[in-house]
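The same subunit A turns up in both complexes below, where it pairs with subunit B and then with subunit C.
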Partner chain A sequence: MSVQSRSYRDIGVGRWGPLSFLSTAVLAAVVVVGAVAYSRQFIHGEIVTGLRDWGTAGGAPWGLYISFVVYFIGVSFAGISIAALVRLLRITALEPVTRMAELLTIVSLVLGAFSVLADLGQPLRGITNLFRYARPQSPFFGTFSLVMAGYLFASLVYFYLAGRRDAYLMAQQPSRLQAFYRWWAAGYRDSAAERARHERTSFLLAVAILPLLVTAHSTLGLVFGLMGGRPGWFSALQAPGFVVLAGVSGLGHIAVLAALVRWFIPEARERIGVPTFRLLGIFTMVLGMVYLYFTLIEVLTAGYAGHAQEQELVRLLLLGTYAPYFWGGIVALALAVGLGLAQGLRGRWSIGAVVAMGILVNIAAIAKRLIIVTPSLTHGSLLPYEDGVYVPTWVEVAIIIGLMSLGALVILVFSKLFPVVPLDSEPTS
Partner chain B sequence: MPKYAMTIDLSRCMGCRACMVACKVENNTPEGQFWMYVFRLEEGEFPETRLTFLPRPCQHCDNAPCVKVCPVGARYKREDGLVLTDFQRCIGCRYCEVACPYGVNYFHWQSPKKGQYLKWGDDAEVRERAEREVPPWHNPDHDKRYGEERRLTAGAVHYKGVMGKCTFCVHRVEKGLEPACVANCPVRVFEFGDLEDPNSSVSHKLREATRFRLLEDVGTEPRVYYLNGQPPTGEHRQLDAVKGGKGE
Partner chain C sequence: MSTRAIVAGCLALAGFTLGMVAYFVLAAPWGFPPDSVAHSNPRVPFAPAIFVLGVMMVFIAAIVYELWPGNGDRR
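Let's look at the complex of A and B:
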């Protein structure tokens, strides 16, 4: 395909094939099921979930929702970290995935916030009170107020600025969305001075968002790590562990998303190739190794020196009720790291193997999020209460799957409205 | 400003759980929720077994983990030491519940189907027998605002989706009455009063008895003192665990 003959439509914008329609319809249907499930909970209260009080009632007051708050916000790590790598370290091979990574950040942050709302007994009050009476002393402040007001806002600004050039280029062609592109470009004309200014602003913004990224994921870890009376949670390793696992799941997610974009938009294949996946694979592998190391130290510390209840929890994780999740996660993560190592040692990376790594690390991340929240609540009592049980109901599962589908739906629709892969440096028409 | 505290004399407690019943009736807590709970504990192997009882109200900690983690300041500590929940500000995130090591928080998972008060007005037979003397089924004291802050803190279930827990019966304390559990104990296990006042019953008790506070090494600084007994250990097994409904 010659440069001259290329139209921006080739990047997938406005091209609705049967596959796209089918995917949209299926995703939308799942979202509707999730919304119906949520309406049950909104009307009847959280009695429709499997959540119950711990202690005498023998349940877990936090479960699937909080696990997925952690998971979704973890996935958001991808966008800004990749943007920062590209801007600060000038790793150009990752450039084609920056837009979808930033989009993933925004979408997953919003899904994380929705999961928080799903967990709240008074969601409408939550939206106002979390800001009106915000207490930075509460670690929860970081997971909602800071993430929404700071991290998400900064990411949106970054996303907007980074997209202005493409919006200008798209606005040059007649289309039904020309007005939208013109609005997004907002007077941007891609002159040398404008480009330099954007480059500088994006760089500074990336530098500014990096500490926000570490803060947001750390405070999420601190939600658990600061609970002195909760065996299995109280640990200085929680915050760094959350940051690292967020990186693993976020980068793994980008690998899967990039492969999907290649599949849906054949023209993107020449842009997103093995060099991009190789880098994603290396970063995922290294962070995965760090996380395996953290897990080892965590289990060793609690199992060797922890008090009785702490040791009981370690036993439950390694051999008891929660062992399938624990070992499932460990095996998935170890397999991913092994896949990365094998490719690295051979010096040949394959897209399929990196995508497999991405799927494996996300299975590991979900498993880990489930066992970080529940076991300490059902089995972590320091008083002689009976052990608890937590089994999620269809409502919780439907809401979470609905949220995932909502995220996929937004990304799919966005990719039809705007180039999900940044356009080539040299514009054509 | 008084400094309220409670003493629980374990050498007197016989595990009758009258305090639990009194609490439920006073605060109209939903089924399966126990703002006051009494552990019946067993240790040792037969025939060398020993029974002990351990009442567990909210500990009204000075360094309360629930107050620290509340993202909106709905859970707060009053100057007189009571740790209370503002039902109008609570967003129902249950962070207080997971932060508390004592398990004293109970969430209102739904609007209650079964209150502890009889719904006199709804029952035709009761209405007929009581003729016009129909008492209110809802304690109006629960709807009043207490303390300098004038916040809605007393009793259970004002709204679904908010947290509830022992209030030391703030609506009674403000009238100069004792909490319901204290007033209803048949053998005077509990004392409630002002630590600042050297002549108060709690001050007297604390001077004369050996004492401990629950989970002292977690650093919560409880305002509930246990007298003449030992803290529970890993050797204790619970007998007659009360579960009831699941917050219905």
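Let's look at the complex of A and C:
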């Protein structure tokens, strides 16, 4: 059956089963809990969080929120880079996941922005002053403004233009959303000239987006890596480490999302097959190995040749308070790499195993983000302060879980409005 | 060269120029000591917003290029 002759309901659009309703209701309820928690923080201030000043106040001003800013922005990396690489290198096996990858990028960037806002006591003042006074040369500006404005905007443009053909095809079938599809298609008629033009535009966009996203993720790493007075952060490996871990966690997310799409939309199974998961698994495995190597080098350098505070921080990570996070992350990442190696050696890749790899690398990424942000603030002072403590409160946890649910909810609702698998994809299995 | 390519190219160039001007001329100047007031306040208020606008204009050029009306778009 050709794609054009299919009903839009065959690709999940407009089809709301009991499972979809239940998932939407649960996710919406969690989002409401997160919103209630945020309203509490907005009214009472950050005293309701576990965040405190470092030094004399004995706490950490950055905690769960900033850890998840780094995590969300990391997840966004793989989405748009996969879309760009598929376009540049013609990786046909990954074509069916390009739209969900682009969507994941947009959603996770927005969640990253919300996490920054959650971390600010006065969000509106923060936004205004940033655009009024910030230095474009500063990594902070690069992280928030360039990532959110440049990178997010570029991803939205890419997403919009890439979806025009499917919007045109969807507009050919009668539905309540026909006007919306016509608006998205914006006069597109799928002519040879339009297709050629779109090829040129997406090639140029892909070429422009790749350096932009490497810069954006490196700047995020430099926010930490340039802090000369903060043991644990000051490292030349921060920027490349951020880029690599971003790739690992994002690829893992795409594998999980692709499996969910297969589960929710059985018709998508013929498109998103083992070859797609095999490539996702290989990329995840290789980047996971690179990140394990970075971690080893970082620990060896800081632990062997670092000054006293640096060595103390390494001790805390390996054997002290933060050891469960450190070793939990390392074990999860090593397991994911091992799963990939085992499948590669057998020459047989399984969708379940790649999804397990995706979940494991994301556990590792969250653990790693937590130990990047907090230990250097609680235990990394070069001044003679007592060690600090940071324990997130239920408000912070509820806001972060609420944000994650919001992301899942947006993706779920979008999948009911628009094909998450491009209509012109070739079957991969 | 088609009109659409010229318009989109000009928009991209204008966006790039705006970004560069905001970065190097309108924002806080480079210099030492970097934490002094002279080197920390932007020379023009909202220079960072102008820089972001420039970046956005470069990408809007892609939309203009694809959506600009022209001949030969019929199937």
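Following the convention adopted for this analysis, the second predicted complex is superposed on the first by the 418 of 429 C-alpha atoms of A that agree within 3 Å, B and C clash if a C-alpha of one lies under 4 Å from a C-alpha of the other, contacts with A are read in each partner's own complex, and residues count from 1 in each chain.
Following the convention adopted for this analysis, contacts are C-beta pairs under 8 Å (C-beta built on N, C-alpha and C of every residue); 3 or more make two chains touch, one makes a residue touch a chain.
On a predicted model such as this, the values are computed, not experimentally measured, just so you know.
Shared-chain residue A:Phe153: touches subunit C; no touch with subunit B.
In the superposed model, A:Asp190 lies in contact with subunit C only, and not with subunit B. Between subunit B and subunit C, the partner in contact with more residues of subunit A is B.
Contact with neither subunit B nor subunit C is seen for A:Leu89 once the two complexes are overlaid on the shared chain. Using the contact criterion defined above for the overlaid structures, shared-chain residue A:Phe141 touches subunit B and also reaches subunit C. When the two complexes are overlaid on their common chain A, residue A:Trp62 makes contact with subunit B while staying clear of subunit C.
Contact with both subunit B and subunit C is seen for A:Leu130 once the two complexes are overlaid on the shared chain.
In the superposition on chain A, A:Leu383 makes contact with subunit B only, while subunit C stays out of contact range.
Contact with subunit C, but none with subunit B, is seen for A:Leu204 once the two complexes are overlaid on the shared chain.
Legend: residue contacts after superposition of the two complexes on their common chain; A:Leu161 is shown touching subunit C, with no touch to subunit B.
Annotation: subunit A residues 130, 132-135, 137, 141, 145 touch subunit B in one complex and subunit C in the other. Across the interface of their complex, subunit C is touched by residues 130-137, 141, 145-146, 149-150, 153-154, 157-158, 160-161, 164, 186-187, 189-191, 193-194, 197-198, 201, 204-205, 208 of subunit A.
Taken together, the subunit C residues at the contact with subunit A in this complex read 22-23, 27-28, 30, 40-42, 45-49, 51-52, 55-56, 58-60, 62-63, 65-67, 69-70, 72-75. Contact residues of subunit B toward subunit A in the complex are 32-34, 37, 39, 41, 56, 65, 68-74, 89-95, 97-111, 159-163, 214-215, 218-220, 232, 234, 236-238, 241-244, 246-248.
Chain contact summary for the complex, subunit A toward subunit B: residues 44-47, 51-59, 61-62, 116, 119-123, 125-126, 129-130, 132-135, 137-141, 144-145, 223, 226-230, 308-309, 377, 381-386.
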